[in-house]
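In what follows, chain A forms one complex with chain B and a second complex with chain C.
Our next item is the complex of A and B:
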């Protein structure tokens, strides 16, 4: 028997409990159960309709005028099933949409799908992510698109190299020209696009410096 | 509560409300009325149904819903006596959303007045006071009391207080950017930084 969308509610609660920025494991089992619940509601509605048809046909066979009206109780029952179907559909759509938004958000902020999150996606979500990622990449590519990495640069760069100061001990980081050790207070100079991920996770902060000609002031 | 795609709005509609059927329903008694032995619900039966179902059936005139206990005279007296003492998170996490939705059907002016009065008191006593609270323990206690709507107001207030403090110290909002590096915020931050006193360090 139907459970008035109880399963769909559990599904959403599970996703909500994981908070923004992470995904809950894709609950295939529950989604399948919700689909079967919708089927069940549909079957019951159809049963009511065919029962009514049968009664009408009987009345016609007896020569009486067929009754077009249905009694209120049947109408309420049908509405109840209908609302349950609509509700389940809405909650499923919210579930899918919310996960899709979080995947997109990850593409923009993390620039890649972390393995831990990837393991929680279903097959079509991974496919969506890959295609979205490819579309974005094409848009940002030199040959077909704007030729800029749009996920970079929270502020416009003044120079290709920037100076950053360590805010926490992150140990050794590997840069394109070699290695550098990030400790609290050390200042290093590195290419802007390599600095960006470090700036985002709060390991380092940007240091402004004046070259004496006022060229590098922000 | 009108946004179809909103997760919280959908969850708020799961709150159960008392619902009285005008004509009865066939075949769902065991779900709506736990412990019932019959299959059908007879006309005039009162059950606890989720808000979304109650609202849909009430709109069609097939049933009539009333507000949950939380908005009853007894609770109203309790809340009026000390709105800031009530733990809404445990009892009614979507206190205002559900109240407003119920009111659409009941058109009870006293209920809307009650809701706005409760919000005003709680905002003054809890949310705005909480923004200057320093102790972590008080903060936790406070957060366990607020309804989810109040909590989001509170969180927004707290982050803006943090940003204002950061601004007055002349530091850069790096941590804020790391927490939510959206494109929009990034450009807004760039503007704000232009006005800040700059910190210069020899490179």
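Our next item is the complex of A and C:
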């Protein structure tokens, strides 16, 4: 019983082991095996159904009332096959969807698909990436879209300034307004566009503060 | 220069001008990470900077050595730069300590007293110390610094050999009776203190001709008088001034940036000082009344009407943060505990009823019985209690507390609370939440004090971080219960030294079970323990005059450093400074034992020593304090005669 759905589980474990920002090589072999497993379950189900129909037809031919109810063992077997098909299908869809999300994330954060990641994609995924990139480009264009490069910021900026907090000891950084020392635990205020590269490489994190609880005077 | 509150806006304007006119436009801020007032003050200041588009870097620090290390890049700086120090820097010569040049302007907002009198120079606009007019130690109390004074001393002492000998003898006499600067120099105390230059023979030859004997005698008398004045200032003015967050709130008010957030920060800073006995209740009430008026100004009348209309049927969550005055019970974290636990772990109640003992718990339950609160409900979480028991507690406690040796006056206070959505947080709860976060020691993490400070800063922003407030409250509950249990054990097992008539009492936590608790290495927790031990030990003696100052030495931290703190004996009524008498004895004891602090705290009555130095320090301190006590008695007798 433990063999049921094992391949699909392995597929997802392999993808998970590669971390959120990267892709595992597309495991075509395992996907093909899962499809064949689904076909096998399907074939088993069809065999049971055709057997039941054959018995029904024989009963009608003899003039007896055909049995409406199916015995327990047969019903359980059919349910098991059906659930296995659903499970394999679900895990495959999760696999495809997760890879798709990671490709989208790469388009937003890295703005291009690195060659190393491209080599790990199948043809359909490369096609998906290209179409997604084209759609996003159209949306950001001046003529047909918003006219802004939305991939410049990891989060929608609310202000020209942001407050960030150091996650690593990065020493002195030269900024447009002067120098700042980035140390673990220090809080720095700087322009949003200058904070972006530091946020992307994990040197700092964004600090989200209320602005004075909002002014309540009417 | 010491700057009064009326010039705060000008100081702020000067900071803005410095930033905009310089190539390096960022303001460097250092905030002491040992108390909630620093967290509140830093948030107010950074909020102001954010609104005005001023760049900054904030670094939480826990010693002057850390400030000095971070200021190293500025030593060679040529651009104009501003450094702001929050709750550090007032008591010492920070500029010399950090070797900062004059193009770096230092602005100090510090509630520690006394302010080093070297800051009181009228024409020094490069070092500004903000002190309000209603501070317990206002600017008028601080002796004016005379930079020429030292040169005059040397001219006088170097004129001729015999005159130099006479002068030295007289200087020694002045030193023995407690002369100011000379004594401090002779003690060779910590970094930043002035050092007297020794005159050489070559310099003596260059001295001007001697003055007449009368002129010399007059000059000596004036010097002696001034030395006594300075000595008296440093002896009598050790304590806390106005909270920095309250001072910054007046800046926000003047700059028309006052809102509920800045108001709440000021309230929390002020409440912390009351809870830790750093100001008197009268002083607290004086400042509280000013803040209460501001809460009425900040209230949104439209939202109040809507809430009143709806609250009859439903409890509508508030969408905006609302701060209002509130008569609170001084029961620690009552809303987050059960009634019994809150009573048991409130420092005042625990000290009086001795709740770490079975007899104390029985007394506590007797009090609950008198108040007609069944034990079953007293041990139910407060938030799940029916409203009837809350009102029962409030109506019956003033009636039955005195019968159980509890003063009602010490069990309630006029305070404030913050309301947001379904949450209600009182000012004292917020203080404890911030302290819980600040004192969450993680010895394995190198700069855990910065992480703790940042968590506490986030907790102030309740709209986004209510979960952080809850985490702080959980930590505070553990802190309070640990303190009561460990201190109770120390009292029962006789670890607290100093009897009924001792000059002071003391305890070394490293000799008890508290050794293993990393929380007990933090100065704020040790102060809380000291206050509890002071009150608990005084109640073991039946005399009215049994209260004594308390000295607590903490266990070693990850670097092998132990923190020693001291608290004063009695509350001084009126708007006066709550004087701590241990500043000078600590310095003298350290000097006598040639102990050099590797980590200088921002407060004069907090010392960091190596663990092998603690025993000799505590032993020697007894002799030093005895000398001070005998000297004080002698002076009293002379004055009476």
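As a working rule, the second predicted complex is superposed on the first by the 149 of 218 C-alpha atoms of A that agree within 3 Å, B and C clash if a C-alpha of one lies under 4 Å from a C-alpha of the other, contacts with A are read in each partner's own complex, and residues count from 1 in each chain.
Here, contacts are C-beta pairs under 8 Å (C-beta built on N, C-alpha and C of every residue); 3 or more make two chains touch, one makes a residue touch a chain.
Because the structure is a prediction, the values reported are computed rather than measured.
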Which of chain B and chain C A:163 touches, first, second, both or neither: both
Partner chain in contact with A:133 - chain B first, chain C second, else both or neither: neither
Residues of chain A touched, compared between chain B and chain C (which is higher): B
Which of chain B and chain C A:42 touches, first, second, both or neither: neither
First, second, both or neither for A:187, with chain B first and chain C second: both
On chain A, the residue positions that both chain B and chain C contact, one per complex: 163, 165, 187, 189, 207-210, 217-218
List of chain A residues in touch with chain C within their complex: 161, 163, 165, 172, 177-181, 183-190, 207-218
List of chain C residues in touch with chain A within their complex: 22-26, 43, 46-47, 49-51, 53-60, 70, 73, 79, 257, 259-262, 264, 297-303, 320-322, 446-447, 450-451, 453-454, 457-458, 461-464
Chain A residues touching chain B - in the complex, by the definition given at the top: 1-5, 9, 12-13, 15-16, 44, 71-77, 79-80, 83-84, 87, 90-91, 93-94, 97-98, 108-109, 150, 154-156, 163, 165, 167, 187, 189, 199-202, 205-210, 217-218
Residues of chain B that touch chain A when the two form their complex: 4-8, 10-11, 14, 21-28, 30-32, 40, 43, 49-50, 52-53, 56-57, 60, 62-63, 172, 174-175, 177-178, 181-183, 186, 189-190, 193-194, 198-203
